[in-house]
Amino acid sequence: MTGANAVRQVFGFFSFLGRKTGKTRVFAILGLIPVALAVIVRIVLHGRSGLMAAVFTEVLMVFFLQFYIVILALFYGTSVTAEEIENRTLTYLITRPIPKPAIILGKATAYAVLMFAMVGVSLALSFFIMNAARLSDPDLYATFFRYLGVLGLGILAYTAFFTFLGTVLKRAIIVGMVFGFGWENVIQYFPGSTQKLSIVHYLKSLLPYHPPSVGGGGGRGVALLLFRLEPTTPLAAILILAAVTAGLLALACWLFRVKEYLYED
Amino acid sequence: MTAVIAASHLSKWYGNVLGLNDVSLEIEEGITGLLGPNGAGKSTFMKLITGQMKPAIGSVTIRGRKAWNDPDVYQGIGFCPEQDVFYEDVTGWELVTGLLRFYGYSRTEIRERAARALDVVDLTADKDRLIRGYSRGMRQRVKFAQTIAHDPDILILDEPLSGLDPLGKRKLIKLIKDFKKQGRTVLVSSHVLPEIEALTSQIVLIHQGKILAQGDVPFIRELIEAHPHQISVRSSDPRALAARFVGERSIQKMTFGADGRTLVVETHKRDAFFSRLTGVVLEAGIAVEEISSPDDNLQAVFEYLVGK
Amino acid sequence: MSIEVKDLSFRYGKIVALDGVTMRLGEGAVGLLGPNGAGKSTLLRILLGFLVPERGEGQVLGYDIRREQAMIRRSVGYMPESDCFVAGMDAVTFTAYFGELSGMPRQEAMKRAHEVLFYVGLGESRYRLLDTYSAGMKQRLKMAQALVHDPKILFLDEPTSNLDPTGRAEVLELIRDISAHKSIQVLLSSHILDDIEALCETVVILNKGKLAAEGRMADLRAIRYSLYELRIKGDGDAFRKDLESAGSRVDEMEDGLIKVYMPEAADPMDIFRAAGRTGAQLRYFVKSRTSLEDLFAGVVGVD
Amino acid sequence: MATVREKGYTHWEGRLGERRFPWWPITRTGILLAFRKKRFKFVFAVAFGPAIVALVGLYISERLEDFKAFIQDSNLIDIGPKYFATFFMNDWLLFMILLVLAYGAGGLIADDLKHNSLQLYFSRPLGKKDYFAGKMSVVAFFVLIFTALPGLLLIVFKLVFAGSFAFFLQYPWLPLSVLGYSAMLTVFFGFYILLMSALSKNSRYVFVLTFGTYIFSTVLFGILNGIFKTPYMALFSIPANLQQARAFIFGLKLPHAFPAGWSLAVLAGICGLAAVVLNRKIRSVEVIK
């Protein structure tokens, strides 16, 4: 079976399977939290829409960018290989006439699309509930799609990273957690080029508005997200993110092809 | 017959644990039983054949092709893993059709093959229930269905009968025998030796990573010199019978069974003994109820070659 | 009389697991047989007091299964089918622990644990952590925890499944030793018919929650007409004709087994005389009786 | 007369007795297994940190004159219910207890589920109540050893250092509040840890789950408080509820501006939920489909 067709079949198999696992239900519910918050905020603070937008970016984007997509990518990314090995269902896949890298690519993309759907729905609901008053305003939609784009790229980059981690380590989730919530949350606030070592830095550089670049002061946009951010140019950020995603996936595929997986029986 | 599966000087170990140690053998068409104590290297051998592991030394080929990282070889191989693990959240039908995607069949052909495979293992009624809710026997049968769905001509089955009740076993044994009649090659590993005996008399015995014996069970029993053959004769008067045999040179040992009717004779020259037995029984006029050889089965062969 | 049950019925939701089972089990080893879902585990669990039956009553060692469950569990040793142990513990602590939970004083439990572990053949590895135990050793450990409080009855659920041949032979030897000389009755539920055949005198076959057959193995398998199975070496045709001339029907199976159906009154020794006359070597000669597998298939009514 | 001890099965002459606490072996083994975990002894020792700090503080406050030079800040040293409350109050102690429990007792039920040894327990004359009593008293042991024990000892040391019973006469009810608070913590953590332990078969996930929920509840409180400024949001955070209940038991100013009864209700609610889940999850036999 040709490589491309194999990837498409693996993609189809795991898109179907992904929708049915209990894990998806848990994370879909997790995605409802921002929507619930948006509804509560809408009731309590209606009338002061300016404050609402700030609150949204402040709290909800933090939730999405620094928690939701990371936790999603962590559990789904590592499960691309780690889950198959832990549950020993890998045997069903590697004894099929498809190249091993196709398993990684197919499954990773299937899960990425699944995550993107969950994040997209959750973002759309909470965003438009929050800004119900300004529905006619065209650049509201521009902001929304930009957010969606940033989160999408975030999903891809993190999924690639955690897929790679899952292929290398046995206890990928614990190490993944340390990286996702430890390293990423800390390094992004370091001055100078060190913050460029975290994926979230490039995602934040793509966010629509920046405070006037005088230190960290002034402007409505001094959001938690932009605190001490020295953004790289959007184009560079996108290129780096793409390179990281492709590089890590390729590495994961190569490793998966070479490594033998022993179930400790 | 050309060898379907051929291994030459195959060795494999992980860390300092020895898996296989210089194994060279050929498996022809028909059913071959693969057996050995736990940790003998059975599952290592199966993983090497099916390309889930890379040989450290030597090579193993299926129909001449190495299985490691050569996906096309799987078009003709059906592998039934030993672990009782599944994608639990899908139904039997979804599992079999899902796994059939990877063989390049059209949608209709996938449905046809899945329906046929599930029908063969009597799961048509339960095909739309989640595998999570399947009983142990049903899980084993759905696992077998996904092994045969793509109509492979080589079946590699790791403990296919475990968890099945006597009826389930009987059906699966008949099924595997039908496969053999269609000229396919079946390699079956099992712990329960009577199950292998019900399937075939061709066995490969692995122990401590080496091939101890390969061939037909009675033939192997013949070759085992260390243990003389046991022949048990139950009759109304075992002592009289024994008295007549005392002079026989071919007999090494005679013991009387606790039930007071059985005489067990140990001899290295079975032919010589049997040719005399019928005559002696008729001369002595003793009513014989049963003649059998207690150690002419796989369990005994296994014990002699492997036992402590 | 150790186990007596009258009209026992149980249902999981709408699935009927046991439907009016009545039987009495005596001493020695009893085999419990039946296809998957026939109600074997349910019966074991009701006798152990895990489940309360909808209808019917029963006694185990004279204790009523509804009211005196604690007393029953004290005098029954249960060896479950699935692997079960407590990680981080060694065999002695594990066995003594469950001995204590059965009501044994701590010191007695510890002493008894050593004895039982030696008996089941885990003497040398009794101080090792259970996580390092092989499947066969875990199986024998389950046997040890079932024996530690010296039960009167042993319920064994698939004791030899997933064991390698040597392990299986050793566990069978253990069960044979326990049920034969000692005053412990064994109720053995297994899918491997060879084990039942090797160990049990009486057998109980359940099917779809009903009692399909019960009784001594020998009686159930006896067949009325005399059928002998032979293997010979030498001139097969001459031997066959000789027998047929004497009025017996002779069939030859494809693996060389010869089946001789002799008329009721015929003397089996005629076969020897026929062999003598035609110079054939009689190498295997057995009075046939239905194999347990055929009995099982016949009783469960399919095939 | 010669006795031949044939190698084989021998009967046991003893009689199976009815013990007053049939679940006691479960507790003893649970504690034993906790200590067998690697590095648990280290965590156990570190958890005594808060008690030692409080003891040193106590000692310094008595020998005030010698330490005049070091201590400028005065409120540290007025020993009273506030001092004891602060000993219990600081999050370090709660965190250490949680760490010890999550690491040591996380596998109490999780390991039984993982290795399905429930059927071994229940094939003994043992009820579900006994099983829970045994497991819960393992948690009780660890909680009490870090709360009641140091609390009472501190009072005793206070009397010893001061050389008089004045302190005791001044606050006679103090030992009672120490015991009351320790009992409350025991009950709450008992249910909380067993609930977490029953939710997964993998004790590593239980560890993450125990801490995750505990911290997430505070984070949630932070977020909600950020949005709605009402103090009632504190009900979402487990530590906040515990602090509220503690202040109430020690008769101090409530940290959050709402009646302590609410917090007690929330804590009791969690215990109730735990009881229901545990009762459903721990069955002697899985229902065969």
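A, B, C and D are the chain letters, set down in written order, and residue numbers restart from 1 in every chain.
Please note the rule applied: contacts are C-beta pairs under 8 Å (C-beta built on N, C-alpha and C of every residue); 3 or more make two chains touch, one makes a residue touch a chain.
Just so it is clear, the structure is predicted and the values come from calculations on it, not from any experiment.
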Pick the pair with more C-beta contacts: A-B or A-D? A-B
Most remote chain w.r.t. Chain C, using mean C-alpha positions, is A
So what's the Cα centroid distance for chain A and chain B, whole Å? 50
What whole-Å value do you get for the distance between chain B and chain D if each is reduced to the mean of its CA atoms? 56
As a quick test, compute the distance in whole Å between the mean CA positions of chain A and chain D. 38
Multi-chain contacts only, two chains or more: what residues does chain D have there? 288-289
Pull out every residue in chain B that's touching 2 or more other chains. 135
Going by the contact rule set out above, which residues of chain B touch chain A in the complex? 14, 43, 50-54, 69, 71-75, 77, 79, 81, 83, 85-87, 89-90, 94, 98-99, 101-104, 146
Could you pull out which chain A residues touch chain B in their complex? 1, 5-6, 9-10, 12-13, 16-17, 20-22, 87-89, 91-92, 94-100, 257, 260-263, 265
If you look only at chain C, which of its residues touch chain B in the complex? 33-38, 134-136, 160-169, 191-194, 233, 268-269, 272-273, 275-276, 280-287, 293, 296-297, 300, 302-303
Chain A-facing residues of chain D, complex: 204, 208, 223, 226-228
Counting only contacts in the complex, chain C reaches chain D at residues 12, 15, 17, 37, 41-42, 45, 48, 50-51, 69-71, 73-74, 76, 78, 80, 82-89, 93, 97-98, 100-106, 108, 112, 115, 119, 145, 147, 149-150, 177-178, 181-184
